[in-house]
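The structures considered in this document are given below.
Both complexes shown next keep chain A, but they swap its partner, so chain B is in the first and chain C is in the second.
So, the complex of A and B:
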């Protein structure tokens, strides 16, 4: 039996388990991304006019990103209330997405053309209206780019959450390593890659759908356009 | 309509106030242009009217109400605002951009639709072709037209324009200026118009406010500013060619002579000869039976040949003609170009209205300066 046949064999004979792992992976990512976007976009909005505070918070984000994932999970499970649970897995992922999402939200909101903001103010729009109708729609391409980076990263890091009790595609890799089963590792890795490609595609579709045609780049290979 | 009283704007850390005790009164339906060197406070003044910049002191009344007593957002919805870089929302279509203020005011969509289409028409933009375009697909001139349409959407009585035509090429600028003046005749808004270009200020303004270092130096009609600059600063700011600028301001109808002897093509030569016996008469105008100007005849061409019969052959055509909307500058330019000392002014249907001569322009301008000088002396 050659390697390729072994991989295919493993895949077909364990299909049920693999589907189960994939679903678990998906559920974890979806929960984490919902929390991440809600949290970091809100904080980005709150910080948009506070440069010094934003720099401090973004510094924390950079620091978190530099902590090895396994170590971060280790710390999280020692916190009472989190422990060996899905909560810990989600919190870890949300923390890792802090830098890419928050930084993009903050930068994008601050890079909206001052002339456009002045015109909006001059027409009698309130600060809330300016945020909702002008700043956020114009910042959307950059914000979505941050979400895309964060999501791709999360799919990979989520595999490590098997060490704190998650049963997702990471199981295939972890077990494969333990048992020196290259077929398991390759199936796990391939599925993670396919996962990333699908998510990337989905966010690309989202960009085309919710970003105004007026600021989408004419070049189809680039997401969004200039601000 | 707009009354500015003792308005001051002082920025912290700056010794001289950006605007220093400014008093100004702009009448309804007037365009007041604000002009002066960079940092003179013209833009600051404009932006205090809709409170983009908050005054440090003084009062500003728009339509009898102090703007400082009003909610700034409600105030701004009643004042049209046009800025140099247009500030169009790039993620909104042309239609949605123009509809911004009406939507903020809660108009129903049917009324908005009607208004936007009307405005696009007024701005010489084909509504069907342009309404769904995004700003990135518009040229500079088109963007600025949409910017003006957006400011006028809710029909505000007052408009503030901050160098609205500053970012477009000179040809487009001239076109936009002319269109806007034509439009203003229809809509009759009260307009504050900031520019750094004295020619634009003269062309667009019913009144000009010349500012320097936060103070109003002279506030007057373009003619008065050109004929009687208040001090050396205004004189220099207006430029050493101010007499030429006056030419651009005055229409040919101001100096045109209406009662000029004209003869028909078919009259006898003797009648013309008789006319030329007068020592001061050197030219005579010839017109057709339909009162259209044909040309003119010069004295020397008639008198040098005593036996001349077919005098019509001596008729010279005018190389150019003027209409009543032409300025004295247009007239002078044509005269210099064609080396001729007089040109006829014709109505739309080519009928004779009058004649403008080089000498008349010269004496008109000269006399005007003398008059202003005398007034000044009387005051002293």
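So, the complex of A and C:
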């Protein structure tokens, strides 16, 4: 049997398991994204007028970002209470999303035109109203760009979480490497890549759908994150 | 969990694996830089520059491919060992450098290029005396990103038999030994952070020198 047939064969005969792994992958990402957005967006909002503190916190974020993901997972599972569990996987992903999301929230909120804020104030809006009705909607494109970068990154890092007990698409690669099964490796690598592209595409579509039409940028080279 | 055991592991195996790790990182970065810069420059010249937005979004997407997939995919083709690891790491590191090179040259002010042309500079002079110096800070930022990625991905290169600090981490996870995990993780994290800071400083110097 040639290589291509073996790959196709592996894929079709293990479709049930593959679907299961894909769902597990998706569930982990969704949990992590919900926590990340809730946490980092609120912290970004809280820090929006505290420049020094924000710089300190962002420094911590870029510090975490530069730690290799398997090393961060290694450190996390050594912490009593986390261990080999889904909590460790989620905490790791949330920590990695800190820099892209928090930085974009902070920068975007601070880049809103001062004249617009002045106008909103002049119209008698309270600070909370200005935040909800003016600042956040205007900052949304940049915030979503950060969420997109974070999500794509998470899909990749999540494949490494199989070494700390997750059972997602990374399992195919992990098992393939362990057993020197090239069909498993190739199916795993291709599926993970397709998964990343689909997720990226989906968030791109989401951006177009929920961002106010008036402020949509047609710049195709929108921040892919210069991390 | 003992601190003494942790230090013992670092001394016995950490130093040797650190050397291997740095070897993997620097050789891969070298290959990545010498291929990514010419590719990046070539893409911004005719006839490729018409498709520049598609090329940029391709490079953006390719960068999202998980490192584990990139490392693993070359195993069936190239086997195990240091060589396939360096090949995979180089390709992975190439993406952010090429992307930033293309994006930086592409975003230069057309008026500046027009002025350079008006002053009678040849195409080659414009590239080396105007375009590349102005793009330098962003290119260095790409190299910084690539370096951090490579330090991280090199830990996974252990899985295809290339050695490096990943060995301590993966062995530690398999043996359930926090000392091994922490020895590898802490050294790997320390290299990544140190290189990040150094390149951040270098980037600042470049930015000061060339402006932008």
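Just so we're on the same page, the second predicted complex is superposed on the first by the 217 of 227 C-alpha atoms of A that agree within 3 Å, B and C clash if a C-alpha of one lies under 4 Å from a C-alpha of the other, contacts with A are read in each partner's own complex, and residues count from 1 in each chain.
Just so it is clear, contacts are C-beta pairs under 8 Å (C-beta built on N, C-alpha and C of every residue); 3 or more make two chains touch, one makes a residue touch a chain.
All values reported here derive from a predicted model rather than from experimental measurement.
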| item | value |
| --- | --- |
| Contacts of A:67 with chain B and chain C, given as first, second, both or neither | second |
| Touched partner set for A:213, first chain B, second chain C, both or neither | first |
| Chain B versus chain C as contact partner of A:125, first or second or both or neither | first |
| First (chain B), second (chain C), both or neither touched by A:156 | second |
| Partner chain(s) touched by A:116 [first = chain B, second = chain C, both, neither] | first |
| First, second, both or neither for A:138, with chain B first and chain C second | first |
| First, second, both or neither for A:16, with chain B first and chain C second | neither |
| Broader residue contact with chain A after superposition on the shared chain, chain B or chain C | C |
| Intersection of chain A interface sets (partners chain B, chain C) | 227 |
| Footprint of chain B on chain A - complex, ascending | 113, 115-116, 118-126, 129, 134, 137-138, 211-215, 225, 227 |
| Chain C-facing residues of chain A, complex | 3, 62-63, 65-72, 74-75, 77-78, 152-153, 155-157, 159-160, 163-164, 170, 173, 176-177, 180, 182, 185-186, 188-190, 192-193, 196-197, 200, 220-221, 224, 226-227 |
| Residue numbers on chain B that touch chain A, as the complex places them | 50, 52, 72-77, 81, 83-93, 100-101, 104, 134-136, 150, 160 |
| Chain C residues within the chain A interface of the complex | 1, 53, 56-57, 60-61, 63-70, 72-73, 75-76, 99-100, 103, 106, 138, 141, 145, 148, 151-153, 155-156, 159-160, 165-166, 169-170, 172-173, 178, 181-182, 184-186, 188-189, 192-193, 196 |
